[in-house]
Amino acid sequence: MKKLLNDPADAVADSLAGFALAHADLVRVNQMPVFVSRAGGAVTGKVGLVSGGGSGHEPLHAGFVGDGMLDAAVPGSVFTSPTPDQILPAIQAADGGAGVLTIVKNYTGDVLNFETAVELAVEDNIEVASVLVNDDVAVEDSLYTAGRRGVAGTLAVEKIAGAAADRGGDLAGVTAVAERVIANVRSMGVALAAPSVPHVGRPSFDLGDDEIEVGIGIHGEPGRHRVAAASADEVTEMLLNPVADDLALVRGERVLLFVNGMGGTPLSELYVVYGRARRLLEERGVTVARSLVGNYVTSLEMQGASVTVLRLDDELEALWDAPVNTAALRW
Amino acid sequence: MKKLLNDPADAVADSLAGFALAHADLVRVNQMPVFVSRAGGAVTGKVGLVSGGGSGHEPLHAGFVGDGMLDAAVPGSVFTSPTPDQILPAIQAADGGAGVLTIVKNYTGDVLNFETAVELAVEDNIEVASVLVNDDVAVEDSLYTAGRRGVAGTLAVEKIAGAAADRGGDLAGVTAVAERVIANVRSMGVALAAPSVPHVGRPSFDLGDDEIEVGIGIHGEPGRHRVAAASADEVTEMLLNPVADDLALVRGERVLLFVNGMGGTPLSELYVVYGRARRLLEERGVTVARSLVGNYVTSLEMQGASVTVLRLDDELEALWDAPVNTAALRW
Amino acid sequence: MALDADWAERWVRRTADAVADAKDELTELDRQIGDGDHGENLHRGFQAVVARLDDAAAERGTGDERTVGDVLKLVATTLMSTVGGASGPLYGTAYLRAAKVSGRVQIDSPAVVAVLEAALEGVASRGKATVGEKTMVDAWQAAVDAAEAASGDGGSEVDVLQAAAEAADKAATGTIPMIATKGRASYLGERSAGHEDPGARSTALVLGAAMAAALSGPTPADPRSAA
Amino acid sequence: MALDADWAERWVRRTADAVADAKDELTELDRQIGDGDHGENLHRGFQAVVARLDDAAAERGTGDERTVGDVLKLVATTLMSTVGGASGPLYGTAYLRAAKVSGRVQIDSPAVVAVLEAALEGVASRGKATVGEKTMVDAWQAAVDAAEAASGDGGSEVDVLQAAAEAADKAATGTIPMIATKGRASYLGERSAGHEDPGARSTALVLGAAMAAALSGPTPADPRSAA
């Protein structure tokens, strides 16, 4: 597996250095410890939003730092959650006096490291609330697991909570909006070929020429089921139906449909999946009111995609539509 | 090679159908013959901009249809230029009475098919001008070739000419701006792994585990040189130096630096390339005034990247900064 | 025995079959020094041609007279609108020019030569290529030279087409050592040497089909059964 | 002979070596049922620990007295800030709790047991896992049980650590048939069975290093040469 990298140990630092130069109007990147914050610093009186997690999911999260979304992002090593000594200064940098919401994807590592950092921030007299994103319906019996994983739905949480903070919500209000998104967003993903972690140098799992992994996460973990390779329409059904069923969508509801690329699948294929997912929703009498298609929550160069559906209401729709200006999401 | 496709023969049509649904606010997709035009139709009194070429380079060109950029795009089969009977109605759909500029990447197929369509459009009393994008410095002895290829620099031509048309330029003026971009933009690309065309089902070229192709185009063609795999810094030098040399950049000049992903390389790696390319330019005393990093002119899921440099002047810079609202480029 | 529109239709249907059979081979040649779509491009085009010929056969009244040129014009416009790439306009123009010089019910040996000359002229003028640039021009030019010689020697239509087909086949092989200076293969520079040009190979297939169609003679019933 | 801060330092340096040697093995285990970073995570952490121990050695005055807890606290804070993932906070907490009960210059057998108990308590409370969930808790719990038994039988510090190391090693192997219900492997459900838990294996390495450090005894000069 060849990569455009120098020393794999520097992969995250090198990439962030380039990112900082390319988006100097939007972000500042702190090295040692590594975190990304808004170029203008914390916004006084606004609730600060901080997210983070392992690297390898770019543009998540650093690509979403900017107006109307995150105030800081904390990238760990590839697929490894960041440490408390990175998270704490990010929380401090995001604090404009109105408290900070941390948006954490539900993985043991992320949960434990953010937990520790939040304890330290609270000792530092910063008001901090936290939400856990757990949108992956592939994790079926969450009683017997570490709970559902956070995957592409995280983007919706960050965008909508960001807009809620932007319009002046207080910490409790912004947290409640984030929780409402989490309660109404579900995802499911598929891998056609595994990614390779830089320092490992070979694919994270082995997949035959005619096999696909259904129910994968975003860390090159094997999925829930391995099935025979199938057409885009069939694969899309395997993704969309569990999502729509789990959300218990009923006729007349409005949703955001987000087809996310895992990094190594051409955009053109994502639109094929989108087209089929949309028809499946319409057959259920559900209106696709908002759409997003692209590589936003990736797993290095994994080939595959995920389908995310967010049940909308008027408020969530307006917050989704609110202006955003970040490296990776802008309108 | 697995893909998220149904019948490979329907790859382009299926993808465009999804694209049309996802971006109904921006575009209309016509099937039989296939072309993409603005949702609102031609803008009366504005010069229309049409581009096109083989599919497989998404988001190019359909992703750039919208305010401030293209009025119509014509996608051919994968890596195969469209036919005149597709291009002609696209030109007609883009014509707001002020004439149409076609932006053609310099490949024999594209040139011949657009040529024919333009002849027909002119018979139809539409004023048409054409420019040929040929930014690929990998094609060295252009006397002994079909000339330099058009690659990622096409994005800059479409964005800047689009802004020139938007501010009310006439056909000659918009064409002159486009020519100025073409005269000042150069690119060079590298592949780490080849893409697979849907109906072929295997990689377009064979590359050893420790080899890379330097000077590749965007159609899975083999490149000019095959060299041993190298670090991102070294590879970036192989790309940036010929580009900067060919442009004869001198101290004090300002440029746009565009690092383009070929589709299968993670965004994080593109930022590593960007960081190094920027330092190399700065060492030459050149100021990187504008930047773009991402997968915009792709070659299916090819792993690799290209580096594009555009020499800026005040006018080109202002036109680059002008608002744009398309599926893939927006500010 | 002169050649008529039925011969032209047999020629085209045989070409479609030959292209279908050689699709993967042509694509593989194009994969080596191009972008790996030549087989697929031509196959898409000739399948569309066959479909339109079928439609036309269904619509045609029994007494309607067709010229060779009618058939070749249908091929030209169909290829033009379905092939794309470089080969679409090139073959399209070849058949269009050939149609222009064959607006007759029957064509004899000199007229067959004129058809091939017109096709060559179409390809060369559209593509601005000359002999030795490793393109389909090499095959067309060799075919024309051989056809002219055979016709000059008083050869029959079959003789002329046989000479053309054999020369095109040899010329296609002859492109292997060449360095391309036109089309997509030219970007490879010296790396283009050592591979056969896909367009020259497909030209040899086209001319082989023309000869076979002439040899197989007219068939009375459904033209499809002659393909 | 009771164990002192030099033992603790030898323990930690041996752990760093053992992790470096087993890095690929741990990563491969994690690749099977996790995300393939456990070896890299721990290696990064213990390399940082070694670097800080070197710095501390260079700064320390000859007369300065260190407790076992001083060394373990340095390990805890270093792992916490360099490992990340699940294992960073888990091992970090284990060493932190262990440091709290070993703020002494010398520790005897019962104190060694207390150190292990504190580490287990730290891991279990942070990770909210119990025995049988296919995590490092399985190895820590087995080690504590064996250590308590060995100490109750009047065993030396070496005996206690040997019992702990052997039990942890066996317990790590014992995670193979288990279905994970905590951590990343739990997402695999039944597919997690048949693979050894990487954290249980690394715990066995940690405890094996503790025993080896006790066996190798104190060395007078540069602590690095004892590693």
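Note that the chains are named A, B, C and D in the order they appear, and that numbering of residues resets to 1 at the start of each chain.
Convention: a contact is a pair of C-beta atoms (placed from the backbone, for glycine too) under 8 Å apart; a residue touches a chain by one contact, two chains touch by 3 or more.
Just so we're clear, the structure is a prediction, and the values are computed from it rather than from any experiment.
**Student:** Remove chain A from the picture; does the complex fall into separate groups, and which?
**Tutor:** Drop chain A and the rest splits as B, C | D.
**Student:** Quick one: which chains contact chain A and chain D both?
**Tutor:** Output, common partners of chain A and chain D: nil, no chain qualifies.
**Student:** Roughly how many whole angstrom separate the Cα centroids of chain B and chain D?
**Tutor:** 55
**Student:** Could you give the separation in Å between the centres of chain A and chain B, each centre being the mean of its C-alpha atoms?
**Tutor:** Whole-Å distance between the two chain centres: 29.
**Student:** Using mean C-alpha positions as chain centres, tell me how far chain B is from chain C in Å, no decimals.
**Tutor:** 33
**Student:** On a C-alpha centroid basis, what's the spacing between chain C and chain D, in Å?
**Tutor:** 76
**Student:** Counting only residues that touch at least two other chains, what does the list for chain B look like?
**Tutor:** Counting only residues that touch two or more other chains, chain B contributes none.
**Student:** Considering chain C alone, which of its residues make contact with at least two other chains?
**Tutor:** Residues of chain C never touch two or more of the other chains.
**Student:** What's the complete list of touching chain pairs for this entry?
**Tutor:** Taking the chains two at a time, the touching pairs are A-B, A-D, B-C.
**Student:** For chain B, which residues count as touching chain C in their complex?
**Tutor:** Contact set of chain B toward chain C: 33, 54, 76-85, 107-109, 112-113, 115-116, 138-141, 144-146, 149, 197, 199-200, 204-205, 217, 219-222, 224.
**Student:** Across the complex, what residues on chain D touch chain A?
**Tutor:** These residues of chain D touch chain A: 27, 31, 33-37, 40-41, 44, 80-90, 126-127, 179, 181-184, 186-189, 191.
**Student:** For chain A, which residues are in contact with chain B within the complex?
**Tutor:** Contact set of chain A toward chain B: 2-6, 11-12, 14-19, 21-23, 55-56, 58-59, 63, 192-193, 209-210, 212, 229, 231-233, 235, 263-276, 278, 288, 291, 293, 295, 298, 300-301, 303-305, 330-331.
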